[in-house]
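Given below, in the form of structure tokens, are the structures.
First subunit A sits with subunit B, and in the next complex the same chain sits with subunit C.
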Partner chain A sequence: MSGRTRNSLRTATPPWLAALFGAPDKKFLSQADCEALVAQAEQYAQGGGETRCTVTSWWSGELRWARNRASLASDRRNDELGVGRRIQGAEGGVRTNQIDAASLQGAVQAAERNAHYGETNPDDHREPPPRFDYLTPAIWSDPTFAQPAGERARAAQAIIAPAEQAGMLSFGFLAVQAAGHAVIDPAVGRPLYAPYTAAQCSLTVRDPEGTGSGWAGASSCDWTRIDPAALARRALEKCLASRHPVTIEPGRYTVILEPQAVHALVRPVVGDFYGRLDAERSTDGPFHLRPFYSKLGLQVADSRVTIAQDPLDPDLGVIPFTDDGQPVRPVTWIDRGMLTHLAYWRNYALEWLHDNDPIVNRWGYRMAGGSATVEDMIRSTQRGLLVTRFSNLDMLDPQSLLMTGVTRDGLWLIEHGTISKAVKNLRFTESPLFVLNSIEMLGPPERVFSPDSPAIVPPLKAHDFSFTSTIDAI
Partner chain B sequence: MTQTRRTFVITGTVAAVAAAAPPWLRRTGVLEPGSPREVPRITEPDVRALALRAVDAARSAGAAYADVRLTHTYDRKISPREGVRDVEEMTVGVRALVKGYWGFAASPAWTADEMVRLGHEAVDLAKVNASGQPRVVDLAPVSAHDAGHWETPLRIDPFSVPVDEILDFHQAFTVYARENFPGVRALSECGFTRQEKAFASTAGAFVTQALTKIGAGLGIFVPNAPAGEINNTGSDLLPLAARGWEYVRDNEGALRAEIPRLIAQLEADWRLPWRPVDVGRYDLVLDAAGMAELVDATLGTATELDRALGYEANADGTSYLDDPVAMLGTLRVASPLVTLTGTRSTPGGLATVQWDDEGVRPDDFTLVKDGVLTDYQTTREAAGWLQEAYAKRGLTPRSHGCANAQSALYASLLFPPNLRLEPGQPDVSLEDLLAGLDRGVYVRGLGLGLDFQQRSGWSRGGLFYEVKGGKRVARWQHAGLLFRTTELWKALTALGGPGSFRWAPAQRAKGEPAQQAAYSVGAVPARFKPQTIIDSWRKA
Partner chain C sequence: MTRAMNRWAWLPWCGVLSSAVLMVLAPAARAQTRFVWPTREPAYGEYDVEECAAAVQRTQAYAAWGARYDTLTVKARLLRPESPIVVEAARQCTAHLVLAQLPATVQPTLLRLWLVAGEDSTFIAALHALVARLSAPAERAARLADAAFLLLDMHPIRLALADSVAHELDRLGGPGSRAAFGVYIHLLTSAHDVGDDALGAGDLPRALHAIATYAQFDSVQLRSSPQDRAAVASGAAALQRIGTRDRLLSEQGAAAFLDSLRHDLGAQAGANHLHGPDSAGVVQVALHGGGRPAPPIEADFWFGRPDSTAAYPRKGMVSFVVFLDERCGPRCYYDYDVLRRLKQRFGEHLDVVVVTGTKGHFREAPPLDFAAEAALLRGYFLERLKLPAALAVTNTPFVTLPAPDRRRIYDQDGAPVWGVYGIKPAWPVKARVDGFLIAPSGLVVGQRDVLNDQTELTDLIADLLAYQRAHP
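And now, the complex of A and B:
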């Protein structure tokens, strides 16, 4: 190679960087790596001000399969670096994935140029760095980090085998990820770094004629907490039991929603636990149109509904800080049906509550359940529908959270306390807030497939769920 | 307000199409020549050496076939309100085939050692799976030893234009609106992306490309609009397209003229009453943008061959065109007026390239001819799946060149080419179509939701007008369209002519892990026999 490749550039880079690239097994940047990287960037800064950086450095090992055969095994890694320069109240930022010395210098200079074009905010004053105590959630798993590709291949073969033996077709994806996330910002007071792992497995089993489809999935920070064999069984059973569905009329039905179906409805609710600042101060902005505007302290759901975030729950761990260093803490959003908290940022806490601490919503949640099993719910139902999951959701009215979407991968009619037949999928038009006020029974909560943020959700039985049209998709 | 295609141009596509930063170091003068950062341009021999090294490593490790892609992506967004935002990303990915199994390894490091590591890793991953059940991959032929470089045709590289000049250009619209249209605020902004990419394979090809995309948006806001009225709208005059800065700059006058036009359009709407939707069956007219949405969400999705064979079953879903061999050339999917083609050669198209991500030179092909399904979107592997069907019709399997990827960090996947709904004859305009509506519904800004096999759909956005005697007489609240896909397409009775043809940007998210690719969809307005109009907020 001539002298112009990045390889030769790196011969002039600091020893820590050389060490990084000299170690092929190093899957992502360590805390020391990130701190050295940012220290290096700071040296290039000109014109005073502050340099703030975020780093997400990740490795991912993946396996996808289709029609009972692996279709792609992949191993990918990347370093995502955000560099922000704040000079006299103006901020400029760039993102890059190149971390050699010359690229860092270029990134810092580009951020400074962009700060020149950013609007200066004369009201901006920086509080002294808060000394937050951060939680240490359990979001790391050694076996997940160390999982060899062969284990993924064996897992997939074991998942596919029962479907293939039954003459069905299996499609799915499993992946493990290990990453380090750093926030290095003078305004935070000290460098923050969190290493974490993630794992997911999901599959769809279809019959070759396309008359039935079943799905199962799980996600966790820890691969060893996922049971691929159980998922394989579940998806196959659902596929076989869902074949040759009959058409039923849309209308209001008592529904038994499996946890994955409940999650699809409740997740948008959790997403709306934000904006206390706007909810209290805004009278004509978009926020007064949000469902929880001015409802703090009011009953918004059935008294059996409690929804809470707890990063220390081993099944609900998340990175314990935001990209501007705000701490993620336990909070109960809805307590026995009453809206008790909405999220707010530190600026709001300082100005309005004379408090230092924000309430940050990281979307991870546990919804409390009950003791009924899905079988109990079925036995107690004269006529109703059992729903595996929802798909293709669209929000129609953000104020009431009215949504439309379709059932998928298993819908059954219940008559006189037993499942009587598989039925064709239906489109619904319904608000989760209505469902949370129409609950008849709740089951024990369990971890659902939610790779972006962890969720523990119960199955539930609710009345008068609104299905608005039939669809032919299977 | 629902998201329109206009906001999509600025906030959606540009932001998501990945990366990018300006060749901020070498082409905008931030760093002087001789700066320490000397990333090789994609056409330089160093890149070829890196690429061949990766391919050689995979071959020597036992790959029956391997390819490598290097991508260098720059993205810049410039807005008078938010300033300048730059993103740059360099990635490399090696894909290897061993006994019918694919392995893929990717990273951000363009180094000689990394090429070897990735080549070996890709082969190792393929071998791990190859120990199981046998799998057959028939790659459709590609012209070996293809070589060359291709760039999006353009006059002015947007990354060479000083940021100040672009900011001034956009700021002028705000000033113009303030001075000429009191009470109206206007904001204009733009974003552009360049992806340089290199491709090499064990088949002997080495090709490089530099693909540039740019779009500009203009929005207006009328704070003192009547209470309860829509007070903002945007222009779709300059949607994201594969063009240079001249595409924006040379349209300054036309973009300025959008301000009074958009104000007039809002005021015309305000004069029409809002009424509760009168649900029922109505003749329907969709504008070109709505038809592009329909094409994209239905036929454009369903004719992805991998999807039709179930490959997306565990992700976004499959296709209603699910028996490709039997359906090809026989299945009526639309009115005889409908012909749909795929093209990666149309000037300005977001999917327009010289080579796809498997080194194939794409051809223009017909997906639907006179209402009958005639082909599917294919890659080299997918074309192999159609051998039987092609043979029956006396055709040689050939990839249509639909392999694409967000960047080299993702394995290439089948993504739509630019899609083109052929205009009708003679030259019928949207207004002509509306004039023929005695009693019906016209929808502007239609957004669609579809089920996971595109068999049925519903509107999730759009302004529904009641039309009587060819005139818009009212707007309907919460109105929605509910349809079965093939019934809707077969109910099409008239198409706009060539003068009403418009390109719109589109983007598909697909795969596991999910990735995105952009393409353009061109369409004309159309009229349909009666369709079901519902109150979309009404529960059962």
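And now, the complex of A and C:
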């Protein structure tokens, strides 16, 4: 899985460019490359101690378009090296993307200078290697890695054409990425390396008169699982259906949230699962009653809600180790509505749980769903709103996760079991914890557009969702 | 006009031609800007005073890196010289700075840099110049007091210079008396720590005079302000601590308070120890809590006991029972060294008992049972740290919360408290490190959460042993 040679008509790479940034015809550094790089950095280390490095070497091919015309096509790569030096218990680190010999030596020396401003610890001791085996999730896709720029162009054409034919304007981007992430730390016991791919596609179709907007998007490890034509169709349909919206009074409504909207609400909830990491001093957060007392074992959501992370989930795609070299383990955060786990460091596990292994997973989650489709939910709704997605979210109260934000790219009024009209966007003020306790129906989960961390969420129908004002933006 | 224009018509073509030549001959321009890690030396000569102060501070941190002063006595720490690279950095900085050209707000920074550079005479001269420019006595007093505290804060400590500055405060009379009082407290404490008894004896009457002057100058304020009376009382208590122990102070009227203070301090001026018939008085005085008896130490594991049959703390022995937690780590190295010095000084006449508790784990080792953890604690305290003590290990009781919480709670009331020892209800442990001094009679004589073998702790042990010898 090392970087392969591309077919290229480019002239030979200047030596100075290759020396600084590596050979550009090699998409990203292999495990052997990362280990050689770290070995070279270790040679420059002085003063004893340990050297710990992380390497994220990535390639990305991207195409963006606006107003039905391509605006940017890029082919980028970068090698991000983090060098950490630990000398007599004092730590210092730097990050660089210049991996030539002189830059590497400078980086190691800078890390050592930083370590020399930290406090030494004569009692310094190394953590034992993690006991849990590292899992091997399926996060690599050959077609994604090998995708040529021409294929991205053809996909963009297929996306833009329907909108253009309908007299609409299409905006969006599609990108593929291939990367190798390495953690080389003496404390871990062996070098860790995980190659992975990622693909995203996000597009918005807008009415040139500014009266309608529709959005669709998808993320995956595998480009072949993304159907650009289906996304284009969906965005165009939403745009056409959302034109000439009418104003409705804000208030409490029954809402049908599409998966992208659900993800916007649930993501902060998942973020607070990492609250036990500082549990001794935690004074706020939705999963703590008061300092030292969490809501573990309490019912915090509807009994149909289960939120978990399994690195081996074929649809989720999570690097199986953290930047500290800790293995990512399967964990169920909320099991049938009951809070069952919060993340914690190893010293917390030793101190409080008489346990050896931490839970410090990476971002990414799957929320279990049901069998009801969005159409079923619409048919069952006497009066409500269908929401495509939310944006501009702001946290108002971290204790209750009360948030505010706005709907966008499609909001429709449902009356007597059918969509009656498009309505203007609304601002909501609501807490996902309230929503998760007001669920009426759940649909089958699907992977949503989420470039920074994978998420699989279902559509849901909930009652008493609070909209507080109208907004004029389309 | 046209002829003139024609004359210069060749000029633009020259520009085009020269540009073309340059483009051909010039090396290919680099598309990227290369980042170079900065490694250049500090340019002290270009820094202003605040940049100099920051650079000197960075140099101090760099020079102190990896150095540990845990085994130094307080005296050695106060007299420790500044690192040569720090002195050199300060000298280079101050070489180009002129006090008169600096704003008043940053002049004290330059004064400090002179002290770091070891230019004490320059510092004194500049201080006098600054004070001379001030007209109000209160301002002069404030500037002199700041200078005195700065001198006492330096490495090495400048006792003699601080003393001379304090004398100048005295000469200011009333406005300087309150500041002088505070300076003298600090000065006498430092003199005692350093062992400069002569300076201490000489300044004690000056301290008393400063108190009296302050009380007269500001008697109305003292009468009306409990905070000020408390400040004076605590200062006087500090004077008492350095060798004039007599009675505990309480809030009194200014005149009565000063009268008693004058009488007591005058009687005990210069004394650091009390022996003989007054030792009983010392023991009585030191019984803050009324002399409660020390409960027996009930431990699950004992290591290093001289007498495995006796109950600890042993009757008839002066005992120092210290509660320690290994998680304190290097932060408690000084406390460990105090124990070693105490034992070195008093030998077998002093029982040192270290009490610690189990937690279910030790450092980064996997979860342990009690016996395994006790063995590791013995290895840490007695073998690695080489504490000359008997080690008592108690199994801290705990309650495990039901799943999914699963936490171990080390306190019965459900509020987990870090550092709880298994015998907490019997011993009122208040801090991570807490020491109880126990007389041969079994009474708790003192409790100290900051161990220091150069203050009344050592004095009390010596007094108790002397009393024991005098009353076998």
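To be clear about the criterion, the second predicted complex is superposed on the first by the 425 of 474 C-alpha atoms of A that agree within 3 Å, B and C clash if a C-alpha of one lies under 4 Å from a C-alpha of the other, contacts with A are read in each partner's own complex, and residues count from 1 in each chain.
Here, a contact is a pair of C-beta atoms (placed from the backbone, for glycine too) under 8 Å apart; a residue touches a chain by one contact, two chains touch by 3 or more.
Bear in mind that the values here come from a model prediction, so they are computed numbers and not experimental data.
Student: Figure out whether A:Asp75 sits in contact with subunit B (first) or subunit C (second), or with both, or with neither.
Tutor: first
Student: More residues of subunit A are touched by which partner: subunit B or subunit C?
Tutor: Looking at subunit B versus subunit C, the one contacting more residues of subunit A is B.
Student: Can A:Glu351 be said to touch subunit B (first), subunit C (second), both, or neither?
Tutor: A:Glu351 contacts subunit C only, not subunit B.
Student: Classify the contacts of A:Tyr117 with the two partner chains as first (subunit B alone), second (subunit C alone), both, or neither.
Tutor: Both subunit B and subunit C are touched by A:Tyr117.
Student: Return first, second, both or neither, reflecting whether A:Gln98 touches subunit B, subunit C, both chains, or no partner chain.
Tutor: Both: A:Gln98 reaches subunit B and subunit C.
Student: Quick check for you: in the superposed arrangement, does A:His341 touch first (subunit B), second (subunit C), both or neither?
Tutor: Second partner only.
Student: Based on the superposed arrangement, let me know which partner A:Gly106 touches: subunit B (first), subunit C (second), both, or neither?
Tutor: Touch partners of A:Gly106: subunit B and subunit C.
Student: Which subunit A residues come up in both lists, the one for subunit B and the one for subunit C?
Tutor: 21, 94, 96, 98, 103, 106-107, 109-110, 117
Student: In their complex, what parts of subunit A are in touch with subunit B?
Tutor: 1-2, 4-7, 9-10, 12, 21, 24, 60, 62-64, 66-79, 92-98, 101-103, 105-107, 109-110, 113-114, 117-119, 149-150, 152-153, 156-157, 169, 171-173, 175, 202-204, 206, 210, 213, 215, 250-252, 391-392, 394, 396-397, 402, 404, 406, 408, 425, 427, 429-430, 466-469, 471-474
Student: For the complex, which residues does subunit B have touching subunit A?
Tutor: So the residues of subunit B touching subunit A come out as 19, 21-22, 24-25, 30-31, 35-40, 44-46, 49-50, 81-91, 93, 100-114, 117, 121, 124-126, 128-129, 131-133, 135, 163, 167, 309-311, 313-315, 317-318, 320, 322, 409-411, 449-456, 458, 460, 478, 482, 484, 511-513, 536-540.
Student: Provide the residue numbers of subunit A that touch subunit C in the complex, in ascending order.
Tutor: Against subunit C, subunit A makes touches at 14, 16-17, 20-21, 88, 90, 94, 96, 98, 103, 106-107, 109-110, 116-117, 120-123, 125-128, 280, 292, 294, 296-297, 338-341, 346, 350-356.
Student: Across the complex, what residues on subunit C touch subunit A?
Tutor: Residues 28, 30-32, 34-37, 39, 58, 61-62, 65-66, 68, 329-330, 333, 359-361, 363-367, 400, 402-408, 415-416, 418.
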